[in-house]
Amino acid sequence: MNILFLNGPNLNLLGQRQPEIYGRTTLGDIEAQVREQATKAGVTIDFRQSNHEGELVTWIQQARGKFAVIVLNAAAYTHTSVALRDAISAVEVPTIEIHLSNIHAREEIRHRSLIAAVCWGQIAGFGEKSYYLALQAALQLKPS
Amino acid sequence: MNILFLNGPNLNLLGQRQPEIYGRTTLGDIEAQVREQATKAGVTIDFRQSNHEGELVTWIQQARGKFAVIVLNAAAYTHTSVALRDAISAVEVPTIEIHLSNIHAREEIRHRSLIAAVCWGQIAGFGEKSYYLALQAALQLKPS
Amino acid sequence: MNILFLNGPNLNLLGQRQPEIYGRTTLGDIEAQVREQATKAGVTIDFRQSNHEGELVTWIQQARGKFAVIVLNAAAYTHTSVALRDAISAVEVPTIEIHLSNIHAREEIRHRSLIAAVCWGQIAGFGEKSYYLALQAALQLKPS
Amino acid sequence: MNILFLNGPNLNLLGQRQPEIYGRTTLGDIEAQVREQATKAGVTIDFRQSNHEGELVTWIQQARGKFAVIVLNAAAYTHTSVALRDAISAVEVPTIEIHLSNIHAREEIRHRSLIAAVCWGQIAGFGEKSYYLALQAALQLKPS
Amino acid sequence: MNILFLNGPNLNLLGQRQPEIYGRTTLGDIEAQVREQATKAGVTIDFRQSNHEGELVTWIQQARGKFAVIVLNAAAYTHTSVALRDAISAVEVPTIEIHLSNIHAREEIRHRSLIAAVCWGQIAGFGEKSYYLALQAALQLKPS
Amino acid sequence: MNILFLNGPNLNLLGQRQPEIYGRTTLGDIEAQVREQATKAGVTIDFRQSNHEGELVTWIQQARGKFAVIVLNAAAYTHTSVALRDAISAVEVPTIEIHLSNIHAREEIRHRSLIAAVCWGQIAGFGEKSYYLALQAALQLKPS
Amino acid sequence: MNILFLNGPNLNLLGQRQPEIYGRTTLGDIEAQVREQATKAGVTIDFRQSNHEGELVTWIQQARGKFAVIVLNAAAYTHTSVALRDAISAVEVPTIEIHLSNIHAREEIRHRSLIAAVCWGQIAGFGEKSYYLALQAALQLKPS
Amino acid sequence: MNILFLNGPNLNLLGQRQPEIYGRTTLGDIEAQVREQATKAGVTIDFRQSNHEGELVTWIQQARGKFAVIVLNAAAYTHTSVALRDAISAVEVPTIEIHLSNIHAREEIRHRSLIAAVCWGQIAGFGEKSYYLALQAALQLKPS
Amino acid sequence: MNILFLNGPNLNLLGQRQPEIYGRTTLGDIEAQVREQATKAGVTIDFRQSNHEGELVTWIQQARGKFAVIVLNAAAYTHTSVALRDAISAVEVPTIEIHLSNIHAREEIRHRSLIAAVCWGQIAGFGEKSYYLALQAALQLKPS
Amino acid sequence: MNILFLNGPNLNLLGQRQPEIYGRTTLGDIEAQVREQATKAGVTIDFRQSNHEGELVTWIQQARGKFAVIVLNAAAYTHTSVALRDAISAVEVPTIEIHLSNIHAREEIRHRSLIAAVCWGQIAGFGEKSYYLALQAALQLKPS
Amino acid sequence: MNILFLNGPNLNLLGQRQPEIYGRTTLGDIEAQVREQATKAGVTIDFRQSNHEGELVTWIQQARGKFAVIVLNAAAYTHTSVALRDAISAVEVPTIEIHLSNIHAREEIRHRSLIAAVCWGQIAGFGEKSYYLALQAALQLKPS
Amino acid sequence: MNILFLNGPNLNLLGQRQPEIYGRTTLGDIEAQVREQATKAGVTIDFRQSNHEGELVTWIQQARGKFAVIVLNAAAYTHTSVALRDAISAVEVPTIEIHLSNIHAREEIRHRSLIAAVCWGQIAGFGEKSYYLALQAALQLKPS
């Protein structure tokens, strides 16, 4: 069983950027943690980041048949991308929407998620732990 | 460590009501599962349901000093209750907002959560598993 | 065949309150009339009032299997309660929404009914006669 | 006592058109039923249909002094005609607004009734039975 | 010089309908007054009323080359007819929009005029005198 | 195979009216062109215009069983007529919505089409050629 | 009989400013014309202009008992001044709202008049002639 | 003369909850102060708190004939309860709306008061002193 | 201790203007009452009125260091003046917003206060008594 | 004569993705068909797809002087890209907006086209045939 | 070459008022700096402040023919004054809109500038340096 | 001291595109001018353009520690990119938002800047001179 973790724009800066909101852990730290937990659970992961909407769209498209679940932290594109929404609809791989911060408690422009309507579920506000919870959620699809 | 699970209006009907949206598991089934997982993790839980907004408010108020975390499935009151929001703000116990269904993918009136802005984080859309993920999230606060 | 008549907040004041809008008949008068007509038609009724949203929710839940139709004058909760809406959806008993006054001809805040979308139909504006018309409507479900 | 039943655009297609919403009964069937019930009740009815907003306006105007009540299914014009609203205001004959379907449970554009504010009351959602209930409501004005 | 006075839906009821808003003068009285004043001023008028949007559209279309000015009391169609707006744009005859009542001081739905943007000017609120003022305005185009 | 071309209000003025937007070709010219192309393609057409919403509604209703496709330039009624929308839904003949101008590039009030949601497709902005393209689209339904 | 003509901000520039919208006539020219016509009609006028909202408010207040009618071209303050609205309500002198241009045909921010709801009527779009028409309207109150 | 002081949800927490907004005085402290001032002024008070909307509605209903004034701090229900509004309208006892904080200076959702339109007046922002000012206001109704 | 009472546009008309809303007491009467009560309390007051937004702004600016509290009835400027809001922010003298009528119960345009967000508190709806209550509120700042 | 066909995000999945909305034909199939029809008509085409907004912008920019017409299926970017709109404005090559599905009949977020205002016309809802109709439209610009 | 610097309400308080937003420099300091830089550049300036909207309007009107450029910091009137907008349109002197703070990053009510649409350009957010940058911008119009 | 000038989509077309709005100067011309002025001032610049949102995001991220100021003309992405906003927040390099045209005076969709809230200031409307003014603004940060 393979799980694809996709990270959107500016998440490569994690740990440097506004630590009062996002914490000091880097994306590399998170990837390491997720990988370790995944290994324990007997699944493999792929973990990528891009600042390009188009690249994220392509990666989602290519997930078909290769990944059982997509965990997507679309960051800023959550609020502006209909293309990501269409890619998720098209690929028909269950997708979990995650956010480091509680987007519902931030500025107005972050309240609306354009992708939520086509995702399996949403986990938001637990910092890096949003990733680990998403892994737990994904593992439920693992055939025993 | 104690965790308080609160369930809002109509959740007592779980398993009977619109199974295509909410599944066939009853609230009792979920409570049993949560309790079992909590026991394994060495924490105790309290698990309640009420159709009364005022009773939920009172329970949240009383959590102070007794519970380390509140897991709240406010159901319909999510969208209409400022009183719950005020209670959460007042009690200063970290609160996790959960939903069985992905509220962001349903009717317009379910898109706005009045309590999100004062909660720690949100988990929505994983059916009964939203409860288990919330337990996982809560356990992170457990002193080792 | 049993029919449940539920009355929301402040309807216990009927006959005292703003008679230019609601008339001078009391809720007791209406109950008596409805009961008389029901008896003639060979059906039994239950007739209740509550100021508590949660109590109305519970009564609707309990109607399952006991009542063939619910006639609901939700009064002020018509415009603010998603919990009533969910209860009606869940109980799967045909529900007729009634109003004494023509809510569509009053203040803006009374134009939107949160429960209309899950009710069988709506009768509004005929004063106490809204109840009798609802009884007529309900009787059509009576097995002959 | 005379009662005028007016039917707006496309109601002449009743029974052919989207039966999953409107049922299979034709407008002629309804007229026959209404007429039979009216005869029993000792009142006469006039029953008309037009696709023309202007014609409906004229018929309402002419009702003055000839009809005790108007029962109006304005169909699509419910949502777009200020002219019908003005005609009802002007004619000063009590008017009952009816709808086959529960307009409050359909698309957004059918939620607003431009005529509701000047009607006596509204009956919506009971299919053809909306007509019979309106007749019952109208009969209450019959001098005994 | 010819001037066309067009009157929209329900204006045929003038003098009977809601006299507290529209006064007791009939449309015939107004026509007589306008005609008398027009004769004094050496111009001829045509004075018509229709409840049909389509007929008003056609009359406006036919004004081209025959009338120097159109005085239009579109009544309820003021607020709902894009077709009248297009007809006025197309015919290229200066059109004066008039209203008996001050539409800006009435219900919200009467505040927006769909035809104002293509009219020469607007006179509203002077009762029947709105017609006489419009005649005065129109006479300014009379070649001396 | 028969195709019905329906034209809404003010289109009879085509060629005279605002030529900078609509061009100088008359509706008669367009009809002749459409007829010629239809003849070549071996289909017959009916080509009508009305300023009356009600008449257009009636023509659409009568298309059932007589025409394989309706090509509808509803002009101003595009934006204000729920009755046309209902007629198209009811008649169940595939309907192509056309516009001479690109309505999406004009004033705000022309951006919303009330009929689009029930039409097969939309062709807008190509002047008279919108008609010929619609004919091409319609021919695809021709049984070979 | 005295009539007060009040002119709001920037009207002192009339004749210089954007002549394609407002024409080349100066406010002095208009005053002379109004005065001449008033003299013929046997009434006296007072004619003032101010750029200060507060001064216009004061002038309206002082009109009580001295003027039979106020003709008010509030210019930009039409759209932003609740203080003028209150002054008109308070003074209880019939007030005619006038505009040189057709405000309903200009930018969105000029569509809403805050004073219309408390004025007798509105005349807009006839350039300087709006003043003369207002004088005609005012003269109807002249005791003969 | 009796005055009823009603306190809505979460006010029982006063003094513990968000002291930077609400201060450190408890509801008991306020009651003691109000009682002392009332005694000096020769009036009696009743002072209650509830987290239940329905209970507050009932208490308002029962005030009729027993209390000369109601002082209502509806807290969160200020913004969500039409039922309280209806109760105040019905009971016809002058009601003073109070708030500890200046609700107009807080989050958007606290700007709209659903009860203001049926209250005598509003006092907001003076902390516990809002209660004492309300008492002063109420005393003006005391027969001397 | 000095207290500055400022009164906005049209308040000079008090007692003459719409007595059904504002009562018959003049601004002079109120000033006399406030002065008498202030003298008893051992404080001095300054009491002014202006129809000019700019003058009110200047008076507020000049209050710094001279007055301990400002009591401001901004009347119509409450709803339209950002300049008053900025002046209050800048002067850093606690400001009490008062209104004779309950602005929340009047027309929509009076519901939004642009100054509330920077004021200490709001007292509205008690007629002239709003002034006396504001004095009571202000006295709490008096050093004993 | 050269025509540029540009395809936006996710159109490379055509034939796999939600066939109930988009059909089973692949983008390659459509390209082959368009090419064949173009060859018959004596014109050449270029046919491209990209998931990158920036790449589509660049391709539009480069069309200047090389292509007589652009046919653009912007897919999801239709609703979110001002950059595409600016590119179309800048390049001054007539651009035809096409859509496989009738965007006006789908979810709210697909109703607004940001590019429509700068396109020549729009063809939507005819599935793959939208491409062939666009080719027909484009051919009208072919010099004979 | 003359340049007119106009300053709106409350800017006379600069240096005292909310220094965390506006800094400690006074308007006099800024004037001195601007004057020094202007002298070096060989141009003369006029530098004024008023709290009165009407006075600012008048000063703008009088700029015609005397000043080559107006630099306008309208402060609070930026968001509420259509009169300033009209004055700028009328005077036809290029006007530069400046702001000390970045109005786009502050409260909602400061996001909309009513004057921006008629200004040459906008400089906002650079504190006192916004004035010097505006001087640089203005100098570009200086004939060499 | 280094300054980074970033240019968004379609700015590579400058000088060709809609010269009535943007002028005839190319981006190369502007770069040359900026470079010359920078050299005189003793600072170095980097000057780039991209049509890709993701590339602009990456460039902003990389500015950290290398550039003292970013001057950003985000063009169309100003209105649609939350990703750019997040990048600016994250990089913590003071950023000046510039626009060639006065975006506040153009179409509605260009009025809202998603990046303004996180920028130092905004300069808009001075054509190519917006760049030179931004350079002047940036130089103020140069250590002397």
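We call the chains A, B, C, D, E, F, G, H, I, J, K and L, going by the order they appear; numbering starts again at 1 in every chain.
Just so we're on the same page, a residue touches a chain if its C-beta (ideal position, glycine included) is under 8 Å from a C-beta of that chain, and two chains touch if they have at least 3 such contacts.
In this text the structure is predicted, and so the values were computed from the model without any measurement.
**Q** Under the document's definition of touching, what chains do subunit A and subunit K have as common neighbours?
**A** L
**Q** Which of these, I-K, H-I or K-L, makes the same contacts as B-H in over half of the contact pairs?
**A** Looking at which residue pairs coincide with B-H, the repeat is I-K.
**Q** Would you mind pulling out the distance in Å between where the CA atoms of subunit E average out and where those of subunit F do?
**A** 31
**Q** When the C-alpha atoms of subunit C and subunit G are each averaged to a single point, how far apart are the two points in Å?
**A** One centre to the other, that is 54 Å.
**Q** Can you give the whole-Å distance between the Cα centres of subunit G and subunit L?
**A** Here subunit G and subunit L have centroids separated by 48 Å.
**Q** Which residues does subunit A have that touch at least 2 chains other than itself?
**A** As it turns out, subunit A has residues touching two or more other chains at 52-55, 80.
**Q** What chain pairs are in touch here?
**A** All chain pairs meeting the touch criterion are A-B, A-J, A-L, B-C, B-H, C-D, C-H, D-E, D-F, E-F, E-G, F-J, G-I, G-K, H-I, I-K, J-L, K-L.
**Q** Under the stated contact criterion, what part of subunit J meets subunit L in this complex?
**A** Per the touch definition, subunit J meets subunit L at residues 52-55, 57-58, 61, 64, 80-83, 85-87, 89-91, 114.
**Q** Can you check the complex and tell me which residues of subunit K touch subunit I?
**A** 8-10, 12-13, 16-18, 50-55, 75-77, 79-80, 109-110
**Q** Can you check the complex and tell me which residues of subunit A touch subunit B?
**A** 102, 104-105, 111-113, 116-126, 129-130, 132-133, 136-137, 140
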